[in-house]
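Below is one structure, written out as structure tokens; comments come after it.
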């Protein structure tokens, strides 16, 4: 079993707040992340798949094709977007890094299954100092 | 003459668009950066000052104090903000990396003059692959 | 289950030597790391916790609070210190990266338990080319 | 159990192609990587071993000695080489990152066994955006 | 005056040798870089231009367009190539980082002039530890 | 004119304090950097030289030889040392990054002159967020 990771980047705006709470409670829990006019990040996304090398190519899956799937099925839909307003799969969810990584897994998984690819991990850097990992 | 640089980070949302132009013209020139619901970045800021080492400390200026000035006078006012809506010194300006670097220089310069510090360069990374430098 | 990592930095001096050994034996085993006048590092610390997102916040734990715990309970006690002389939890131990990571786990664990947080991994870079991981 | 990783670098040329296929089929599957005149990479190699700290040193294994083994037994044989032409352990294999990581594991494993070291993972960056991991 | 830099990447093979010299003399001067079967690098290219922000956009030049020019006029012609065999503008030259940076400047300059862009610097990383800069 | 930079690393301990001052005054000015038991850093050193490519090699100077000079004449004398106690060229000086960069320039300059090399810049990272540059 070998693990192959492809790294992609995108930039997005978001805001962390709970609409069921007061402005004060939101500020208390989410701090500056609750700013009503949004803030944003350069997200760095690591998509890891696993498998055994194909004897005809040496690849567990073509890394260029892997990048194309991630770009077409995910990056195109989140890059230069507002995660709270523009991204259907995050609608009505808190746009925490945790929830976003789970959402990314769920978005990509059907496409990987279609290509016979086994997704292993979604690793998402929100900043160089905060990242999350989700293994399904 | 020695040059001393301090690196700081902040996260902000912004949008590139010219209100005098049509939606189409904005899309054509600014592409995805014109998204009306904003996008954002992890900005990395390098502030470079120059001078000769003080014979009593070996410092051209105390690096901790330099960081405090940059944090108090700049980062506090832009971190987790919307550059177009929340930042007075960018009001009515295009929030390009170029203009933002010039704005940062103008904001910090009076504070450095007050402390007898000679500002040399504002270097601003908008993404790991796009950065600007301004020398006043 | 989602894993959340927070990265912190600190600078410290240390020395690797076995007081039961001769100077020569120390030099032979620890090389330049045995220098009696110490050397030092910019340590980079990755603290990974795991859990499921809270339905009211989307967080497995507030990343800012996580950073505050790590800073208050660990970084304050090791930053700009001598690991052999100034850090009680390393007293009488070899200050190898391995032992230091175990020590950090043991220091932080009670605070995480108190906050209901499940610590998953302490990853410690001694240099950009040498790092250790400890999972308890 | 503690995990210790040492990072090494080397530069090499290679080409991805299947000699049983036509030029067209190779171009279709391997794209630019099939260029008959080769291309190359700055490979970054992370070798992770695991064990418990020795009570006389605090080390699971001497990191300098670990680096020396990796350099002597592997880096010397692949650095500034052509992976397809100059590296015996890759002879007749596709020089994909996947196969190369497996080959590196197999090359290093006997040397680690000889030193009583337990190899845990070979992580190999082909580019900053594509990496593979192999756990044996 | 503001300076804007765009970073691009490509992978290439090359070899350093002087055909007028013996094999021994080549080995003596160029060391492992003279390997007759080539080696290669992940090159990182920083293209810096300078100018004043356009009052209608805030840009000194559109960073996306800048990236497109660099990709179309340069990266397409060197990525996954052999610098000695496949790149016309390096034909008959030593493919040192120094000469390659000068060649890149000369290739890009006419395209920048055509777009009214002032090229300031070509910075080229051959490895993370060796880079060159050329200012024309 | 082309500029060539070689990057080297070393680890050292140091302390910032003025022996003419009280403990309190030292704490006030140097903060945690005054710790009497030392602290330390992973220093990253960029040595930049300038010249025109030699028509017989394409080099302004052999990058391997450049690295050897920096390692033999500087890194060997500061790596795993205490800058205040073990490094003759810093004796009696404040071991600020500024003074250390000037000291490095003065140490290396005679060796570069001897090899006909023109030193352009000493850039020294004390941490990833603080660096100095000295141009002689």
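Order of writing sets the chain letters: A, B, C, D, E and F. Residues in each chain are counted from 1.
In this text, contacts are C-beta pairs under 8 Å (C-beta built on N, C-alpha and C of every residue); 3 or more make two chains touch, one makes a residue touch a chain.
Quantities reported herein were computed from a predicted structural model and do not represent experimental measurements.
Chemist: Going by the touch criterion stated earlier, list every chain that contacts chain A and also contacts chain D.
Modeler: Output, common partners of chain A and chain D: C.
Chemist: Hop distance check: chain B to chain D, minimum number of steps through touching chains?
Modeler: 2
Chemist: Could you grab the centroid distance between chain C and chain D? Build each centroid from C-alpha atoms only and quote it in angstrom.
Modeler: Distance between chain centres, rounded to whole Å: 29 Å.
Chemist: Two-or-more-chain contact residues of chain D, please, as numbers and ranges.
Modeler: Residue numbers touching two or more other chains: 31, 128.
Chemist: Sort out which chains touch which and give me every pair.
Modeler: A-B, A-C, A-D, B-E, B-F, C-D, C-F, D-E, E-F
Chemist: Of all residues in chain D, which touch chain E in the complex?
Modeler: Residues 9, 11-14, 31-33, 35, 37-42, 79-82, 85-86, 127-128.
Chemist: Which residues, counting only chain E, touch chain F once they are in their complex?
Modeler: Residue positions touching the partner: 16, 18, 29-31, 93-99, 101-102, 128-135.
Chemist: Enumerate the contact residues on chain A facing chain D in the complex.
Modeler: Chain A residues touching chain D: 1-8, 48, 53, 56-60, 62-64.
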